[in-house]
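One chain, chain A, links the two complexes that follow: it is found with chain B in the first and with chain C in the second.
So, the complex of A and B:
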């Protein structure tokens, strides 16, 4: 297959998946649509995490801070700014998350390796504690809801009724698809993506080649934070509710697991991982109340035996060239 | 409360918490120095120590048996984790080891919630250590003084083993160059397991002696993990003196913070960390870059 025809094939597959998923909003029952909406949102969150882990090689343990910052900012704007349109509040959420990423990233990206992980975890906990303790604004653990107006307009899709799962699903699908496409192009097909990858592979060499390593890492951190903030905003608008659940340390752990289980080596791996964790988690929850334990054990087994995640396993099975066969999973 | 009492009270509280932190930080930093692994499950060993102590007190009825046995059980668990899991992912690099310890801490937390529930469980201090003692400016709980004393005893033992025995010499040599030690005929693999188990043991001791003061609950690992990380960031990973100084600094910053400005106590430790990072990016005593 020539390079060109393989591009056309890929684009065809992507469009087919999008059309099928869009059509799903008409066919699928409500419960499935709700789950699928969560899969898309968490998939976007995991993808934002992979911008750091897969492309930048930075292991953050506090990524829920930006998901939460986006979520809370969006919810608070809808609650306190009279007449604000939800799409505008989403942008607000993205902006605040990006700003948070800029301030915290300015401190964290100075260090790499274990120090980066510790710093991000510490700042993630700081954000969680702020959301938990600042009850007058966030109402702590109880959270607050019912802030999305009964009817609002989303460009191109039209008027959205709050509570209509199919319409909400379509909005989320379109936003996630567009953002994924843009991010994929940015990370895989621009000099920016190349710069980030070259820094991951060898920081010293990249800096000798003339890249400003600190600046590039900071930009990448802000980008990951902004996309995470968008995912958080989408979650609160689709659930019409926000609580410390969006910013807790469990959410940071969850996103690490989703990203890793799906595979960090492929742009769409994290999306696969979030689908797996949400769907299989739901199925397990019907059988056992301890489904998180099962997920944790699975995660450990994958770290030990399939360190490239599901997409690594798939690639290993299908791409059996002589070179691939000698590599570990 | 008179000011003099507040100062003494804050100082003692800070010292107790600081020494508790150092029990944990010393193990974390030793393991990092030797294996190059930041062990996220370290605080889980602390949590397990507390839960196992709770269980042992329920079985035997005495705190002292728990203080003796629980850390040993935790050390055995630690040795198992190192041998069965951590060693296997060593070839994949530090990121994977970090992820593995994250998985271990997650599973440990879920297991603890499953077996002991999510409610916080009380652990009574032994009768000998109940009540308060008169210190010139007021009265102070005996148990907290016991924490200081116990931590100091353990740490002196650790220092003697590390710096005065042949075993300690092998461990310190392995920290600076494990390949050379291996070439001299020592089984470095066993040293790795031993040090990892020792770290777990120290964390277990911290868990047992903290339990009567803080009670036993699932979130105790996450609660102390952040303070622990701040300590090793300030002190410099891999440095014992740095960890000691940073533990005490953090303990005092927090206890005085809570006494004088309760709302912002947590911000104190973060401010301390940010200032240190700005002026000494590797930490106060850090040499090795991570």
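So, the complex of A and C:
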């Protein structure tokens, strides 16, 4: 297959999946649309995580800080700024998350390996504790809700009813699809993405070739934080509720799990991982209250027997030659 | 003497109380090919690391074209026009030969973190990368992952990465380390061919390479420069013969 026809095939598959998912909003029952919305949002969050882990080679244990910063900022703006349009509140969430990423990243990306991981864990805990203790603003673990206006009016386009799950699902689908496309182009096809991958592979050589490693890592950290902040904003808008759930350590470990299960070696791997964790988690929860135990065992099995995650398995099945070339991101 | 490209004045380097370099004086004029030789542990690689910015000096002055560069980070020195290779192969192993060289070409052209244009759309980068790959004789292996190359080809890639920066000053740390006699001849010819118009400082144990390339030689011994001179002067020097070249009749 020529390069060109493989590009067309891949674009075709992507468009087909998008159309099928869009059509799903008409066909699927409400409960499943709700689950799918979560899959998309957490898939976006996991993708933001993989910008750090898969592309940058940086294992963070505090990524929920940015999901949470985005979530709380978006929710608080909707609550306190009269008449603010939800898209503007989402942008605010992205901005605050990016700013948080800039300040915290400025400290964390100076260290590599376990030191980086520990610093991110510490800052993640700090953000969680702030959200939990600062009750006058966040109402702690009780959380607060009912801040999204019942109807958003877009000039020229029409309006969206917040209560309509199918409409909310379509909004989330379009936003996530656009952001994924842009991020994929950025990470896989620009000098920027190439520089980040090069630095992961050989930081020393990259710096002797003239790449400013610290600056590049900081930019990448801010980018990952901004996308995580968008995911957090989308979550609070679709749930119309926010609590410390969005920022806790559980959230940080969940995203590590999703990303590893889906596979760090492929841009869309974390999406698969989030679909698996959300859907299988829901199914297991109908069978047993100890579903997290089962999930944990599954995670251990994946790490032991399929360390490249689902995307590694899929590649193995469909393209053995790719596996033999052992080509990472 | 023409203006020195590189000048070291009374340079010291300590690692936790151990003096690795002591009062090193070095002045490399424009266009010179300068070899640094000496026994293992003499401080040769440390000297390279000081010049390229891996470590700061403990004392002394380090001038590049008359300007002090001590305190500048490796990427800043690289951008000024100082390129280096490594004694132990240090490339992007999971990238192809082409992508490896392209990383250097992109950087030289200042296209490092651009986000708005596809990487394949920089036609001049692609063209220049191909030229460098061809110059070092790796065109046939252009699409191979660096990790899968034979050792000799990896050595050539090391030099290609340095060359692609088009540096004014090149530091090669044992470019022929671990190569067979035939491969050594190839790499020597490659260096001679590609370093025209540049200033070269290189470390090498293989005396054939040293005598084939060097205009001048500095002998480093226990952190001090023992002797400096032309290849003929070095060959004839009794002290050098005793401490390094190891002639039995010395």
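The rule is simple: the second predicted complex is superposed on the first by the 318 of 329 C-alpha atoms of A that agree within 3 Å, B and C clash if a C-alpha of one lies under 4 Å from a C-alpha of the other, contacts with A are read in each partner's own complex, and residues count from 1 in each chain.
Definition applied: a residue touches a chain if its C-beta (ideal position, glycine included) is under 8 Å from a C-beta of that chain, and two chains touch if they have at least 3 such contacts.
Model, not experiment: these values are computed from the prediction.
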{"item": "Contacts of A:115 with chain B and chain C, given as first, second, both or neither", "value": "first"}
{"item": "Partner chain(s) touched by A:191 [first = chain B, second = chain C, both, neither]", "value": "second"}
{"item": "Partner chain in contact with A:216 - chain B first, chain C second, else both or neither", "value": "second"}
{"item": "Chain B versus chain C as contact partner of A:206, first or second or both or neither", "value": "second"}
{"item": "Touched partner set for A:290, first chain B, second chain C, both or neither", "value": "first"}
{"item": "Touching partner for A:260 - first (chain B), second (chain C), both, neither", "value": "first"}
{"item": "Residues of chain A contacting chain B in one complex and chain C in the other", "value": "none"}
{"item": "Interfacial residue positions of chain C with respect to chain A in the complex", "value": "52, 73-75, 78-79, 83-84, 86, 90-95, 99, 102-104, 106-108, 111-120, 122, 145, 161, 165"}
{"item": "Chain A-facing residues of chain B, complex", "value": "32, 38, 40, 85, 88-89, 92, 94-96, 98-100, 102-104, 106-107, 110-111, 114, 222, 225-226, 229-230, 232-233, 237, 263, 266, 270, 273-274, 277, 281, 289-290"}
{"item": "Footprint of chain C on chain A - complex, ascending", "value": "185-186, 189-195, 197-198, 201-202, 204-213, 215-216, 219, 325-328"}
{"item": "List of chain A residues in touch with chain B within their complex", "value": "57, 59, 61, 107, 110-115, 117-119, 121-123, 125-126, 129, 133, 249, 253, 256-257, 260, 290, 292-293, 296-297, 299-300, 303-304, 307"}
